[in-house]
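Take a look at the structures listed below.
You will see two complexes here that share chain A, one where it goes with chain B and one where it goes with chain C.
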Partner chain A sequence: MIQEKIKNPNRTKNLQKLGLYSFLIIAITWVGVIRIGFNPRRVDGTWENFLFIVSKFFPDDYFEESGAINWALDVAVDSFIETIQIGLLGSIVACIIAYPICLMSSKLTAPNKIIYGSMRTVLNVLRTLPELFWVIIATTALGFGSFAGLISVIIFITFIIYKLFAETLDALDPGPLEAVRATGATYFTSLIHSVVKEVNPVYFALCIYMIELSIRISAVIGLVGAGGIGQLINVERVYFHWDNVSSIVLAMTLLIVALEILSTNIRTRILR
Partner chain B sequence: MINLNNVNVVYPTGTHAMKDVSLDVKDGEFLVIVGKSGAGKSTLLRTLNGLVKATSGSVKVFNKEVTTASKNDLRKIRSNTGMIFQTFNLVTRTTVMNNVLTGRLGEMSPFRGFFSLWSEDDKKIAMQALEEVDISEKAWTRASKLSGGQQQRVGIARALAQQPKLILADEPVASLDPVTSRKVMDYIKKINVELGITTVVNLHFLDLAKDYAERIVGMHDGNIVYDGPISNVSDKDFENIYGGQLTEDDFNDTRKN
Partner chain C sequence: MNQSRTIKIFKYSIYILLSVIVIWSSNNLSITWDRFINSFPQIAKILTLMFPPDLSSEMLTRVFIKLEETIWIAWVGTIIGIVFSIPFGYFASSNLFPSFIWGPFKTISVIIRAIPELIIAYILIPVTGLGALTGTLAIGIGTIGTFGKWQSELTEEIEYGQREALMAVGASSIVETRWAVIPQILPSLLSFYIYRFEINIRASAILGLIGAGGIGAELLGQFFYRDYPKAGTVVLITVIVVIIIDQISSKIRNKIIEGQ
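After this line comes the complex of A and B, so read on.
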């Protein structure tokens, strides 16, 4: 009796499923390998290429006066400052723009269903456009350079904040808002005295994180012509100045690590 | 003070929360509404200050129709009506004083309210309200640092700061322990007696209802099934309200400690 009961009645079915899925995964992989033309011979010489690039990255005179480090300190500093400026300014502007947008597009805080519905629809459609699209639009409309970078950073960060913060607002306890509404306060005043006060520390912490993120983004979008350090990397890469590229990447790594430590520190302080 | 006439409330989800409810409350009365969860007690309370709109029937508070009130009239009604909640509903990230001051918002111009431009009078009224519930020493503490009972006293102070003519308390002690419950109920009762503010309280504890109510209204499934002075209420009436046989345990829930 027990012998019968301990047998999973779905055993054969499960095995069939396992077989089917394994077959599908193998088949899909196989088709992919054939289509891409994956072949072990194609990897030949990769290691030599890699070593060659590394030797170009760090030539003998790397730390000398004519070397890349000194070049970076002389020339790249301006571009770095530009990147930080784009990121900082962009995220500050975006944080200011995004707050009311989020308040309008959360179920809890939107003044009515029409505003809520239309905000959600428009933002969700726009958000699906890839980030690269906005940079290309901005650089074609405004020309290459830091202003286009600034505009694209503002757009990205606004969308990211919308995504993260509107959901935070949705999940908030509606009680305090109801309580303040019940005192006879008008709509905007009740928001200020309940939801906004409750959620402000969370928002500031998010903003600090956005500053960190936007400086990273502004370094990357420079590669497609939006100013700052990214643009400089692109120029040096075109001229095969690999040692200069590596010194910039090194400095960028240091900058990002420093930013991350700083922002984590500030955020934990705010949210305490 | 309050006249409900054949009030129905049907929520968008289809729930018929109040069915032809009629009720009169006189000035200065201390009315307790009892009933199971989902009986329509909270809905009744919320129709009184327009947080829930009645689907049909007439809701008159301070001789003004709430259902059809203009935005300004509704503001006035709300500002004259203090509300106390089961979950306290304080803004926990700010000070007790700021929470109580929000009680003044109904009286202020939207502009001054928006920018928190409290007058000296507002601050005095808020502090007096805190003293009324003996918690003024916590005025500058963050609300999140207080215990449940203390938070509810701040909730009462916020309602008092409105200088209301009517206080609605929606299950004010449902999330508190029995001893603290009695303390909080004592404060609500004291305000009713000393300041003469009409008070409507929702409760689901039988003992508390018996000890504090003058008049009791029983609700079951959206209907009023009992309405009368507390002295006349029998165990049979309670069974009607709760829709089932009561055991000794139900009465022992909140026995005095």
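After this line comes the complex of A and C, so read on.
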């Protein structure tokens, strides 16, 4: 017995839609590929460049006494410690600053509508600036060095916490807060006894994540002159010490992977 | 009673640890309270100097050309990431493949994810030269790691029932992927792609700072010459365009999640 094939009645329509979307995306991408300057003449010799750079990255004496690994252990350790310090200090300060800001800019916990509206607008606008824009502004205002990096990390991490945490606050159950307010408690007392107790574990987990993120950010801010390991990469690149650059990048990768594993473990423990 | 006491000790030890970290780092970075407090007004001063931005048409066209390049970098980089991450994420899913296949794929995607895009661009500049191409490749490579990880995590969370039903009728693994895996992960994956496009716009905006194309070079140049009104234009236009793209993409994402 031949079984009749069941056909989707919308099949042709769906296929047309899919075809249209994929055609559009391919066309836009094609325009983009031309616009960014991808043409055969432009990429001519890239492969030879690549092989040359790889041979510079990992020369024969890479693991030897005078090689890059030993150099990194000798010299780069200080810069790594500076990066970690910027990251830790920046995230700790940002976590302290951001908590009241988030409380003021959530609909549920804001003291009044004017503060809520103005905080939201200002934060939503400033939040869109990428982190290195803040680094440039900070280095212009405060001079080059790790201090400018620290301030920009603080500013940027505060905005990220606002983005992630204000949503959590908005999604809270308003019941406990209303119950405490109904007893006639003042603004601060009512917050402390309802919302703060509810969200503290979430906030703590977020802070752990922020420590990871801020160490990640502070590793790259040095590239525009704000201290830490990035500055060392910049210096070594200017002198074409590619083997030193590659050893720093390897160490940085190891550090970030280790941090990620550690922070994921801690966060799952806290939230459980 | 006993438990609450251990929690208390744990809490105090964390406070002590934090204060030790703060004192140690601020000593090493030579940060004093004065300097810290005074720094925020100084930054605010720079922001106010930028405030009446230079809105002459010459400056605007310059900014828009650079910004267009930034958006193209983000778009093509995201497409590169999507194309290469699909097989990556597929092979890195621990519920579809044995461990000797997903192990290496997962490790590679974790390592790619750990290297910041700026560093990738820095390494790529001697290979492909200065310009937008380098930025695009850097964004693409960085995106492969993220997408691969997200896709494999989504695949690992799918319900087993649908796959079991297909296995029971004797479907091959390709048919199983098409009818049991893809329908479950596709909506979240598409919204992830669009979300990452937003992030990539910000990432490509800063790639210009090291000469990999886009708006960053313009900003750095204006700050270099201390031409704050023009820098203000760059910042203002960037903020406006990023907000517009965020709004559009969040609308599209909501539509995808709700199911057209």
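In the analysis below, the second predicted complex is superposed on the first by the 233 of 272 C-alpha atoms of A that agree within 3 Å, B and C clash if a C-alpha of one lies under 4 Å from a C-alpha of the other, contacts with A are read in each partner's own complex, and residues count from 1 in each chain.
Following the convention adopted for this analysis, a contact is a pair of C-beta atoms (placed from the backbone, for glycine too) under 8 Å apart; a residue touches a chain by one contact, two chains touch by 3 or more.
Quick caveat: nothing in here was measured; it's all calculated off a predicted structure.
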Superposed partners chain B and chain C on chain A - clash or fit: fit
Chain B versus chain C as contact partner of A:Phe188, first or second or both or neither: first
Touching partner for A:Lys197 - first (chain B), second (chain C), both, neither: first
Which superposed partner A:Gly175 touches (first chain B, second chain C, both, neither): first
Partner chain(s) touched by A:Thr140 [first = chain B, second = chain C, both, neither]: second
Per-residue contact with chain A, leading partner among chain C and chain B: C
Contacts of A:Ala219 with chain B and chain C, given as first, second, both or neither: second
Partner chain in contact with A:Leu89 - chain B first, chain C second, else both or neither: second
Minimum distance between Cα atoms of chain B and chain C in the superposition (Å): 9
Of chain A, residues touching chain B in the complex: 173, 175-176, 178-186, 188-190, 192-194, 197-198, 200-201
Residues on chain A engaged by chain C in the complex (per definition of touch): 25, 28-29, 31-33, 35-38, 42-43, 46, 49-50, 53, 81-82, 85-86, 88-89, 92, 124-125, 128-133, 136-138, 140-142, 146-147, 150-151, 155, 216, 219-220, 223-224, 227, 233, 237, 242, 245, 249, 252-253, 256-257, 260
Touching residues (chain side chain C, partner chain A) in the complex: 18, 21-22, 24-26, 28-31, 35, 39-40, 42-43, 45-47, 68-69, 72-73, 75-76, 79, 110-111, 114-116, 118-119, 122-123, 126-129, 131-133, 135-136, 202-203, 205-206, 209-210, 213, 216, 219-220, 223, 226, 235, 238-239, 242-243, 246
Touching residues on chain B, where the partner in the complex is chain A: 49, 51, 74-83, 85, 87-94, 98, 102-107, 110, 113-114, 116, 155, 158, 162
